[in-house]
Structure formats: C-alpha cells, structure tokens
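Alright, structures below, take your time with them.
One chain, chain A, appears in both complexes that follow, with chain B as partner in the first and chain C in the second.
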Partner chain A sequence: MRARPISPEQRARLRRAAAGAPRRPWTFWVLAILFGAYVLALYGPMLCIYVLSLQDIRGGLVFPMKGLSLHWFVDLFTQVRTGDVKGGFQRSISLALLVTVLTVVGSFLAGLAFRQRFKGDGVVFYLMIGSLVAPGLVLGIGIGLLFQYLGLPPSWYTSALGAHLSWTLPFGVLVMFAVMSRFDRSWEEAARDLGATRWQSIWLVVVPILAPGLLAVALFGFTLSYDEFARTLQTSGSLNTLPLEIWSMTLNVTSPSLYALGTVTTIASFLIIGMCLGGIALIQRRRARHNPSV
Partner chain B sequence: MAARANTLAWFYISPLVLVLVPFFVLPILVVVIASFMESDGFGGMIPHLTLANYAAVFGAELTLRLYASTMKFALLTWIFTLGIGFWIAYFLVFHVRNQLLAIGLFLLCTIPFWTSNIIRMISWIPLLGKNGLVNSSLMGVGLIHQPLEFLLFSDFAVVVAYVHQLTIFMIVPIFNAMARIDKRTIEAALDAGASRYEIMRYIVVPLSKNGIALGSIFVLSIVMGDFFVVKVMSGGGSASIVSALFEDIAVLQYPSAAAAAVVLLLAVVVMISLILRTVDVRKEIAR
Partner chain C sequence: MTVGKGHIELAGIYKRFGEVTAVDGVNLHIPDGAYCCFLGPSGCGKTTILRMIAGHEDPTGGEILIGGEDVVGLPPVARRTAMMFQSYALFPHLSVRENVAFPLRVRGQGQAERFRAADEMLEKVRLSELAHRLPGHLSGGQQQRVALARAAITQPRVLLLDEPLSALDEQLRIQMRTELRRMQRELGITFVHVTHTQMEAIALADLVVVMEKGKIKQAGDAREIYSRPHDRYVAEFLGGQNVLSGKATGAQGGNVTVGLQGAAGLCVTLEPGRRVALGEPVDLAVRRDDIILRRPEAGAVPEGWSALNTRIKAIEYQGLFVKVMLDAVGEGEFVAYVAERDFFSDPMQMGDIVVASWVAERSLLLA
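The block that comes next holds the complex of A and B.
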C-alpha cells in the first residue's frame, strides 16, 4: 500500500477541521493521566516479573536484577521440587482446546435458540447466570462430591472438563448475544427463499457471517479454561493442571522459577490472543477486499 | 408451528442444558443435601438429617467476622473498580475523538484479562514487597526511612489485587453502554443550554446504568466467591467466607463446609437479584 500525496485542498480542509475542533476541556487531561496511570498499573507489575525471570542463579524475588540468563526457565522444567510443570502445561493446553471446541459449538447453538422466545427460556437463562456467578470452589466441591457419590474417579478430562464448561459456556453465550444482536436475519431468510435447507442456511450463511464473533468466543473459552483455578481445585483428580501447579508453587517456591513460569504461561496466552485477533483481522480484511462497499 | 419452533429451540439449547444440569444443578443439590448430613470425621458423611451444621454456621462468631471482612473487601473493590472503570470508559468514549484510537486503547485495557490472574497477582510481589520497588524508591527519595510494612501481605494488598484484576469487568459493560449513547442527544442538550455537569447527571449516568449494573454483578460475585487472592495477598492474615470454607475442605469436613456454602450461595443470590431488579440483563445484552 502506497500512501497517496495529499492535495492542497485536502490539506486546507484538514487544517480548518483542526482549527475548528473545540479546545479540549481540563477534564480531558485529568482523565488522560488517569488512563495512563491505569495502563501503567495494568502492565507495569507484569513487566517486572518478566524481567526478573531472566536473572541468573543468584537471582531473588525483588529488584535489583542479578545477572542475565535463562537459568530459571531450565530450572522450571528440570527440577523435581517445582512440581510437574511440563505435565501440567500439556494437560492445561489439551483441556483448554477441548473446552474451546465445545464452548464454540454450544454457545453458537444456544445463541441460535435464544434469538426467539421459547417455552422455558427464562429458566435456562437464569440457570446460566447462576452458573456464571456461583462461587467456583463451591461448584467444584459439589462436582467432586457428586463424582464421589456416583463412584466415578474425578479427572481433568471428565469432572474438570464439566466444571470448566459450566463457566465458559455461559460466558460464551453472553458473547454470542452481543454478536447475534448485530446479525441481520434477512440474510438467512434470503437463503431460505432461495431454497437452502435449514442446515445449509446455517452452515453456509450464518456461520461464515458470524465467524469473527465465533473466534472471539473461542478466545474466551480457551483463556478462561487455561487460567481457571477455583473450579479445578476439587475436580482435577490426582493430576494437576497448570494453574494448580502455579498455586502450589506460590505456597512453597520462593525463587525466580515462579516468575519464569509466569513468563511462560503469559507467552502461551499471548500466542493464543495473537492467533485469534489475527484471525479476526484476516477475515475482516478479506471481506473488505471482496466487497469494498461494506 | 409454535410447537415446532419450541422443539427446534430446545434442540439448539440442549448442549447448554446438558452441561448445566450435571455440572451446575446437580452439584448444587449435592451441596445442599450434604449440608444436612453428619460428618464421620474422616471425609465421609452419615446420612442422618441434622440442622447442626447450620446451627454451627449461624452460632459462630467467626461467621459474622468472615462476612464482615468479605463485605468490606467487596465494597472497597466495588467502589474503586466503579470509580476507575466509569471514568476510563467515559474517557475512551467521549474524549478520544479518533474512533480507531479508542478501540486500540480499549483493546490495550482488555489484553491482560486474557492472561493468568494468578500470575498477575504474583507480579505485585517485586513491587510491594518489603524490599520491593515502591519501598526502595520511597526510601531513595527520602520520604520514608523504614520500609512500609502494610504494602504487601495486608488488606491493602488484597484490595490492590482485586482492583487490578476486576476493573476490566466494569470497563467493558460501561464502555458498551456509553458507546450506544447517541451523540446527538448530548449536542441537543448543549444547544438547550445544559452545563457539562447536567449532561453527566441527566444523560450519561442514567444511560450507563445498565452497564454499571452488569459490571457490579461480575465484580461482586467474583469477590464474594474468591479465596485465592485473599489467601495469597494477605499472607494468611485475612480470611474470606470461601477461604474459611476451603480450610474446612482441607480437613475433610464436608457437611459444615456445605452448610457455609449454602448460606453464601443464598447471600450471593439475594445480592444479584437485588441488582437484577434494576436492569433487564437479557434485554440489555441482546439489544
């Protein structure tokens, strides 16, 4: 893309627009400072631990930095005392992927259902809100006791999976509400008028149009599950997920290994965020190219 | 036709229901049932109906202290997240004139939400610790001569961590509500001679009310249900309702933990329904 030179008329118009804009009120500057402070507080502490995780063997939990190496990352994956980080990492990723797929499918279908009123919709809706606001540990205890009562062994791919879904699905459905509210039903009606079956109109029309929203739901599903702690505590069985590993580390590890683990999980999170946002941007760009008027 | 539409809707909703029934409805029922049982002291339960667990919950002075402490955290967190969240959303919607920039700044605020809460909490240690950045720089400037002890492992640290994690839950719904306010309403008010305070009082705040209610539901229910932040950031010094419950579980006292859980659930339900009375969430979200 080559930048086009600005014509003199355009430049004049821009200058007029700039001059005509009202002066910013004092509140703008106050709020701008508040915003800056907020973003600094949001990112500052995180940046601190990423930096501190790069210390060498003399490193401690606070500044100043002592040396520069990847020692604590090696330590993290090789030492026994830091627990089963590698296994936890694998389990968390697998569980999160499973949760993501089920959340996208479940929330999409629920979103379709909630477009109109149906018998019992209020009950389902309030159950969903209940599941969203119920204290995670309480729900975890309930699921743990239920499995115990039924004689089923709890594990990350059964009880923990269900516990995660009881939290990611309602979240996903709420996002679907927002996504669906911008969907124009006449597209679907047009497809039906042209002879598409119900499944064809959903699969060939609704899904492609809603694709960016579905990616957003996937992002929610993945990260909410990947970082979920309270609901997993009583439901994961004998093998830990990553947040449980981090939790036990916060209680007994006092070396920069802890920060190294923070850096590693954040990199994983950022990769996922980047992939999802990139995917959404790609879809929007392709759409803009195919249909410049929209 | 209506019957067919119902069947189809129930077909679409079935995956959600198939998750909610076994992993929300039944577990809560199990907790309720367990709360009426006797403990055998070894993690098992004797199926013998009793109200002793509830009597213990309501009879203990500890319960009152736990609720008072949790309510204090919930209230402080709510005030700060609302205060910060409202003005951040207001700044992004009404002060940033370039819409692309506003969306970019909004994304900047949301990205940490996608990363681990636990890690974000731990990350306060190098800042607030006894030898942390805040203490050492304050001493370096000469403002204080001894490290401030209250910064980490204290109620202060707990509130800092909550506000740090939960402000985003206020920003997003309030931002959404404000972005929907028709700018022409405000221009009309200006033309009619309204002051900026009056615009705030009669237009912006009432039209953001739904967003504020939604954000409050998220923030309050998360703080009420939390035990992790309290445990780590207070250094074990403070407790919350759920952290006490967690201690019960650790010594396998399921029935008494269940009774405390049921009381907490009722408290949360009452609080949420009070907020829900002010706003129709479903209409708000689907709009």
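The block that comes next holds the complex of A and C.
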C-alpha cells in the first residue's frame, strides 16, 4: 500500500484511538439527548422571558415578539404603577448581604467548633438539620405569628432576617463541614508552635486557608436569601422584598416590564455568582495544590 | 549540676489518653546540643513524648525540664522549642519567604527586617532562589528545608522533628539525613528526632532511644545500641543480630554454655554482675556479620569458636555483602552477612550443609 498524506481529521482520530478513546458507545448519545432535554426544560422558559423582555412598546405577554427595544427596562424603573421595584431590590440586596455576613461568621465558628465532640453537639446538629427540612412557608407563618403574639412589628430586617437564617445557616454549616474536612490540624498547631496567639493563628492562617470555602458559603447565603419567597411571605411586614414584589406584579401587572424585571434580577444574580466564583478561582490559582498530607 | 540551655530531662513522665497509656513512666537525660533519636514502631509513644516536649500535649504526670526549668504547662514559645511536623505544615497561602518569616511576623517584627532574616535563613538551607514560590510548587525535599528554616529562625534551644524524612523517597532521605546533621552542627542546638527507621537513627544520633509500648527499652549511643543490644526486642528491632534461644546448661569461669535444640553447647561470656541459673532459658545474640560459614569437610572449628550445623535456605546478593539465610534454630531468623569477596571465592549453593561459626566471645547474652 502506498503511503498517503494524512488529513488533520484522520490524525485527530488516530490520536484519539492511541489515547485509548474508542468510538462513543450508544449510551453516550442516549444520555446526551437526555441531558440536552434537561437543559432545555431548565433554561427554555427563562430564555423566553429574557427574549420577550426585549420587545418595544407594542409588546405583550406572549409570543410573537413585537419589535426590539429596551423600552420595558426603562418602564420598569420609571413607572410607579409597576410597583416598588427599586425599593424591593434595595431591601432584598441589603437583606441578602446581612444574611451573607451572619451566615459566613456563624458557619465559620460552627465549623471550628464541630471539629471535636462537645456536650450537646448531636442536639445542635439535628436541630440545625430540622430547620433545614422544615417547610419554609410553615416556618415563615410560625415566625409571623410569634412576632404578632409578642407584639413586635415584623419587618425584613428582623423577622425575615431570622427566617432566612433558619435556611442559610444550616446550609452554610454543612458546606463548612466539607471545607473543614480538608483542613490540616497541624497548620494551626504549627502556627501556635511558631509563636502565634490564638487570634493571630485564626487571622493569619485559618481564615486565609479557608477563604475559598468561606466564599462558597457566602455565595450560598446570598443566593438562597436573595430569591427566598416562602419564608419571607409572612415575615417581611409591610414592605416587600424583591421576590414578593415580583409575585405581586404577576398578579396585577400585565406588561413585559415583568419580564424585564426577571432579566434584571437574573443578571444581578449571575454577576454576584460570577464574582464569587472568580474570587475562588483567583485564590486557588494563586495557591499551590494542597499539601501531600491532605 | 550545671545544665546547658538545651538540656532536656524527662522525669517519670507518663501520658494516658482515656484508657490507653501512651507513655508509661519515661526517664531520660538529653544533653545540650545532642542529636537524639527516638526509635520505635508506630504506636510506641515516641511521637507523644515529642509533642509533650514541644508543649502540644500535657503529660498526665511527671516533669519535663528544659535547661533546668520545668516547662510543663508552658506554651511552645515560652519553652523556646520549635517543632517540625511530619507533614511539614507549611502554610499553603504564604510564599516560602513569608512562611519562614511567619514566626517573626507574629512577634511583631517589621516586614523589611523579618524578610531580611528570612532571606538569610533561606540561604543557609540553600533555597534563596525559591523564596517567592508557594509551598505547593516545591518538591518534598525543598518543603522540608523550608520547614527547617521556619522552625530554626527564632533560634530555639531545642528543635523537635516528627518523622521528618518519612515523606521522602529513599535517595532523598539519605541526602536530607546528612543535611539535617549538618544543620544541627551549624545551629549547635539540641535536636530531638522521632523515627521508625533504624538506619536513620543510628546514622544520625548521638543518643538513640529505643522504645516499646510507652517504655524505654534501651538508650545509648548508636554503636552501643546496635552492637550491644540489651534484650531480644532491641536486638531484633535494630536488626543485624541473630537471636538464638536456649537453656543454660553449664558454667565455667566467666562463661556459660547455652544448649540449643539439636546443637552442641554454645559458649558465651557472662557480663560482670550477671548471674544465670542452670536450666534457665536464655537468649544469645550473634552479629550477622560475625558469622563465618565453613563447609563440614573443612574440619573442626578452632579453639574459642562456637559452631552450629545448619543448611542454606536462601541466598540474596546485596552488593556490599551476600545475605545467606540459614535454617533457623527455634524461632527467629538466622542470617549470615558474608563479605562479597569471601563468598565468591568459594560460592555456596542453596541447600548446602554448612557450619556457621563465630568467635565465642563476640556473642552476647541478652537480658
């Protein structure tokens, strides 16, 4: 047989074969189709909303698209009849930030505490899991009733804050457990051995080493609180958070500015998630792979 | 008694973890500036002793004196000890230089000053060009040198090393062993090193402490430990000795005859002050390299030699010598290390009947 020049495709195929990657089995295609359908089901409806929010003034709530403009975004922030979007947004962001800070601090301390057994550790743990599995709406109603009974006015920064923490804190602690399992105790011991005080060993060693994990906890805390609906419904008082605002808009606003709102909040969420993941990636790139002992 | 600043004295220390006694009444003097190795299998309590000297563990009872003062209850800084952890425990988020400067940082030294000191230290361990790297980008040997530099930068009076070479491969281990000894001479401070590797201990230490089950079995200089083991445990743990069990069958002057199953009496010298009753079970140790193998037809062994008829079970070439495994008498191994040249001048085969012989007075009666 004569030697023929090999095309790039053939070469790629040969390389794959040499690397031990044979033709894909039929199961690959079945699973790929399933996955594709899943992604479509997940993002399809949302995509519809993003697309429909870009209509012009003639736009309605359903396809087909009428024109292409940012009209409804402007409308969202200028028209009063659409509801208190700006206020809701501010409250939701403030609440989410507050929840984030408390969740990170609480989870970090719990992570440190749960490294060894202490009296009542089992009780604390199961109480925590309990508040994680309790139905959010019921829990919210309970908190609302309790505030009423105590004669306290419910508001987003008291009752709703507590309701959100009942959800984000156990979540954060569970994430923290996973993070702490990769923490080498001898780092702390070494810090002490080298003369660091307890505070120095926490600030100069423990916190920086755990930083990516703490960022992950922060991310969870923020996103869980930012779009929490069930636990907020009966606890936010007279002023709405953003999810409540959107919900009330679905009841009485019949313009694509509802969709514009969906698009804006999604962008805000993605920005925050992106910033957190970027931060984690940056820390980890800067950092070496973990010690051989871990 | 005057004691140096790095003199360590352990006085009756013991340590219990719940039901388990990890360290069971240990007494020991470690002279100032000595290289001391604790040697024993895992779980023998050697690391616990190290951690108690370092101040990471408090003894359940007993005293630990460093430089003459009782340090029990003091934090590591007040003891002026520094510990090198088995995993090195380098801080993964700090560069090599920041790691080495860390002890000075927590002591409130300014950045310029502490980095200068760190750079000097890094020069000593020959890592200057890697000062800006993160620990994860270093090899095992380099990480170890960083850990050493970081531990030594505060000029401790005692440096404690927990299995410092166990994470390294064989060749590097031998290289770093030399490096550790060089650093110890250069710093002139007491090193206490924990290991389970016999060769590491006897190559490095001025004082070898052999431990078993929380107790010291024997402490002494390397040569003494290796060539004059006190009992069966030490002899077998250090290797290099054959331990033969028998019964005292006779006595003559300062010598005892030890009867072995199926062998003529072996003569061994009694140490002064040692008494053995007739019929008492005794252990006898003979160095593997003291054994000369003869063919049976070569005639009787000379006066003053002991001999044992046996058979060659296996032969292993070791380069410097040939390891000849012989049919054991009783329990334990019976091995002869034959110099390469001697062996190959008249090579023996597996299955050959041989006479293992040695100068009687070189054998030892074990406790």
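Keep this in mind: the second predicted complex is superposed on the first by the 267 of 294 C-alpha atoms of A that agree within 3 Å, B and C clash if a C-alpha of one lies under 4 Å from a C-alpha of the other, contacts with A are read in each partner's own complex, and residues count from 1 in each chain.
One rule holds in what follows: a residue touches a chain if its C-beta (ideal position, glycine included) is under 8 Å from a C-beta of that chain, and two chains touch if they have at least 3 such contacts.
Computed from a prediction, not measured in an experiment: that's the story for all the values here.
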Chain B versus chain C as contact partner of A:196, first or second or both or neither: second
Chain B versus chain C as contact partner of A:187, first or second or both or neither: second
Chain A residues touched - chain C or chain B, whichever exceeds: B
Partner chain(s) touched by A:209 [first = chain B, second = chain C, both, neither]: second
Contacts of A:173 with chain B and chain C, given as first, second, both or neither: first
Partner chain(s) touched by A:223 [first = chain B, second = chain C, both, neither]: first
Residues of chain A contacting chain B in one complex and chain C in the other: none
Partner chain A, residues of chain C touching it in the complex: 54-56, 75-77, 81-83, 85-93, 102-103, 105-107, 134-137, 140, 150-151, 154, 167
Chain A partner contacts - residues on chain B that touch it in the complex: 5-6, 8-17, 19-20, 22-31, 34, 84, 87-88, 90-92, 95, 97, 105, 107-109, 111-120, 122-127, 129, 131-133, 136, 164, 167, 176, 196, 217, 221, 224-228, 232, 242, 245-246, 249, 254, 257-258, 261, 264-265, 268-269, 272, 281-282, 285-287
Residue ranges of chain A in contact with chain C within the complex: 184, 186-187, 189-197, 200, 204-205, 208-209, 211, 283, 286-294
Residues of chain A touching chain B in the complex: 21, 24-25, 27-28, 31-32, 34-35, 38-39, 41-46, 48-49, 52, 61-63, 102, 105-107, 109-110, 112-114, 116, 118-121, 124-125, 127-139, 141-143, 145-146, 149, 162-163, 165-166, 169, 173-174, 177-178, 180-181, 219, 223, 226-227, 229-230, 234, 243, 246-247, 250, 258-259, 261-262, 265-266, 269-270, 272-273, 277
